[in-house]
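What follows is subunit A paired twice: with subunit B in the first complex and subunit C in the second.
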Partner chain A sequence: MTIRQRFQQVFVGVLMLAFGAVMIAYDEESYPFIIALYSLALELQGFRLIWYFFTMARLMVGGKSILYRGILFIDFGVFTGSLVFVPQIYILIYLSGTLALSAMIDLLRSREARAIHSPWKLKTFQGAVELITAVICLVFLHSTAMVVDIFSAVFIFSGVMRIVSAFRRMPVITVS
Partner chain B sequence: MRTAACLPDNSYTEIRLRRYRDALTISGAAVIAFSVWDVLKVYIGLFLGEKTLSDYFTDLLPKIRIPEGVPEETMQIVLWVVLLAGVIGVSIFILLYHLYIGLNAMQEGHRTVKKKKIVYLVCDVLSILSSATVLFQSIRVYFVGGEDARQIGLATLLVESASFLNYVYLFYVVLKIRITERSAS
Partner chain C sequence: MQGDFHYYATYCAAVLAGYTHDESLSVCHAAQLVDHCSRSFLKKVGGPDAAATTQLQLELMDARTDRLGLCDITRIWASFHFLPRDLYAPVKKGSKNYKDKYRLICGPNGDLLVETVTLAKDRGLAAAGIAMHVLADTWAHTYFAGTPSLVINNTGYHFYELMPQEGGGFARRRVAFSHNPSAKEDPEKGVYVGSVYQSTENSIMNLGHGRAGHLPDYSYIRYAYLPAWGGYREIIKDNPSDYEHAFAQMVYALHWLRDGKEAFAADTYAEDVIEPHLDTIRGIIDRRQTDASDDWRTFGERLTGDKIPDFDMDAHVAEYRNAGSMSKPDTFLGTFFDAAHRQKSMVTTRIMASGSRLAGIPPRKMTKSTVHAVEIND
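The block that comes next holds the complex of A and B.
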């Protein structure tokens, strides 16, 4: 990782910590907040992709797909923000799905890291914890307040993990 | 130094053809992606949006003349089934139509079929016309303002114009590929 990437990781980690704290504080009323956060993240991702298209991907082979992806992301974000009535259970199912997905990605990455003899234990731990919490959330789906607490705990946990992994020394892989 | 096993043909027309075929593949994939997103949006809007499917149901119910001898419960069930079947049928038709265009374009881009197809180009022209009318309507509503001006945001306009330009670009690229191939052979 470069210095700038490390700063970015720490920044995102601190943001995740703050959001976790807010979610714990407002308990069940934080559902609209979760939706707003989600739509904002999607819009930012869309704008980033479109910016990338106009600065760089315009000149790449197959760069047009990035433009289309950015436009779809923006529309998805705006549309998600415009939903007025969403039953909490859908949000919970969606969030558990995302959590399970990111856990799977972490586990696969740690396997990859193990194959090239780079540090893998922390990543495996993180992925396992996320996967277990996703399963627990699906089990306790009926009591919404408890699930919010579990989610905020996981949020804070992954924020801390992000900050920790930003300060670690990474081996640089060179292609010979 | 080892030489490559397969030397690519890097003549001028070959490079141009490769570029066009790549663009065609991306355009086909984008057609599929836009249509899937549209259908998804309709479904989410119908079940979670401002005006849900049950609102339409309650709007429609008093307008229907109930034949004599039929209890009201059966009429309600029939109306529900008709509404759901209509929504699902239309969405499946739209999906299959765009899947046909997109898959054919991707096949031509990957060169997995030898025969040159015309039918999907006709479908593409129809799509160009329909999306142009939709886009024109949206722009008119967005800038002039009508009774439902609130429903059309800038993001919708962006997606509609992108999908329209995508259809036009797909047609242009296919024409370019055909012309270049003919002049090369």
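The block that comes next holds the complex of A and C.
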């Protein structure tokens, strides 16, 4: 990771901490804000991947997976954005579901990383925390204010993890 | 390639090309120093920053991957470790960025190799050593580019080692890449270390043959895989054959650097010179080991009857440090830095002249005269 990338990681991490704090302060009023932010992030990532596919990766072996990932990101982004118009209970179920999915992916990736002797503990910890949070959210579905607080905590947790990972050293295979 | 080939095998090639023991040691020391002359090393010895021929792990970890950072990385790795085979290779599809990266794919016997060896002519033993490093790597690092690129350098799950069978032919064994650099490689079980998949195009993990680990550096191995740029056509890399060609071409090139009158010719090998030693050379190359230093050393010492010392990167540092500013360029390291600078300048200029901005951004439209000026002043 370059110094600039580390700085970006820390910057995004600090922003997430600030968003978490704002969400705790505004409780239920911050639902549309959470949805909009989530939707925008997914769509931007999708467009970025599709642009990369058409300019570079379409000629690469296995490059179509990048196109599919881009389309999926946009699809999820649009779907997430449309949730502003449905009752909050469905939003909560959806957010909890995506959190659980993210947790499962993290846990599977940490398992894969462990099998190939890559760093895996931090990823496992992150996946476990996300999974527990998703379960707690489902348990407290009747209290929307409580769930917002839980999501805020997750946001703050992710921000801290991002800042921590910015200072971790990544293994590099050199070529000679 | 590693120290076994760049140091010990280069020594053997120099001896077979007619160099004395001491001259051969200077040539192979320079060839191996290319893998150690980082900015950290230059800072330690007080050498010019522009003469860097490699980047250490820590330097790479903090290397910038913005446009200027990429140019710096490409200048070093394309000039010394992944010499492009054809900067004007026809590419029908793809954006300009894709085409530029595709044209940096390394391979032997390109125009730049001829220029590399020619550039070292009459410039001393250090220059010859640098040229031999570049030449040898064109064989080992074929199919990979000296710039970070997922779409060029990535490798996938379709990666098999071809194991020679007793009755002839080869059996395929899937290569399992570990991504822990400190993990021990196990050639018997087919476990090798490679860099982690990174979906970011310009990630350092996608530089050179990082994704294929050190497989290109092992002389005994043959492997089949799908290179990212290859349009799903399987490529078989036959390292034993390539390493033998590299050795024979080094003997020819070193002989040409010493006595050559005609122009240096690509695709020419000193087969007649190595023929009496072919069984020994093939025995070393084919032996299943990740470091063939001892075998090459034994062969080299048998050729001259002299002892080959271990490589010591600090061997000429004191001479350089103690020399006055006027005599520094005449020291071994002084000639090495000058040759490295010239090589980097030549390759960078050629890449820029091909219309690519991956190694540098020309201040204005390149003309023949400006190309010459960049060569002199870079």
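The definition used in the following text is that the second predicted complex is superposed on the first by the 128 of 176 C-alpha atoms of A that agree within 3 Å, B and C clash if a C-alpha of one lies under 4 Å from a C-alpha of the other, contacts with A are read in each partner's own complex, and residues count from 1 in each chain.
In this section, a residue touches a chain if its C-beta (ideal position, glycine included) is under 8 Å from a C-beta of that chain, and two chains touch if they have at least 3 such contacts.
Just so it is clear, the model here is predicted, and its values are computed rather than measured.
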Next on the checklist: According to the stated criteria, A:I89 is in contact with first (subunit B), second (subunit C), both, or neither; which is it?
Outcome noted: neither
Next on the checklist: Output check: A:V61 vs subunit B and subunit C. Expected answer is one of first, second, both, neither. What do you get?
Outcome noted: both
Item to check | subunit A residues touched - subunit C or subunit B, whichever exceeds | outcome: C
Next on the checklist: Between subunit B and subunit C, whom does A:Y52 touch in the aligned arrangement: first, second, both, or neither?
Outcome noted: second
Checklist entry - Regarding the shared-chain residue A:I132, is it in contact with subunit B (first), subunit C (second), both, or neither? => result neither
Next on the checklist: Let me test your reading of the model: by the given contact rule, A:F76 touches which partner, first (subunit B), second (subunit C), both or neither?
Outcome noted: first
Checklist entry - Which subunit A residues are contacted by subunit C in one complex and by subunit B in the other? => result 61-62
Next on the checklist: Using the touch definition from the top, list the residues of subunit A that touch subunit C in their complex.
Outcome noted: 1-5, 52, 55-63, 66, 113, 116-118, 169-176
Next on the checklist: If we count contacts the way the header does, which residues on subunit C are in touch with subunit A in the complex?
Outcome noted: 1-2, 35, 54-57, 60-66, 69, 77, 81, 93-95, 97-98, 141, 144, 150-151, 154, 156, 176-183, 193-196, 199, 201, 204-205, 207-210, 213, 217, 226-232
Checklist outcome for this item: Residue positions on subunit A within touch of subunit B in the complex are 61-62, 64-65, 67-68, 71-72, 74-79, 82-87, 90
Item to check | Interfacial residue positions of subunit B with respect to subunit A in the complex | outcome: 19, 22-23, 25-27, 29-30, 33-34, 37, 41, 44, 48-50, 153, 155-156, 158-159, 162, 166
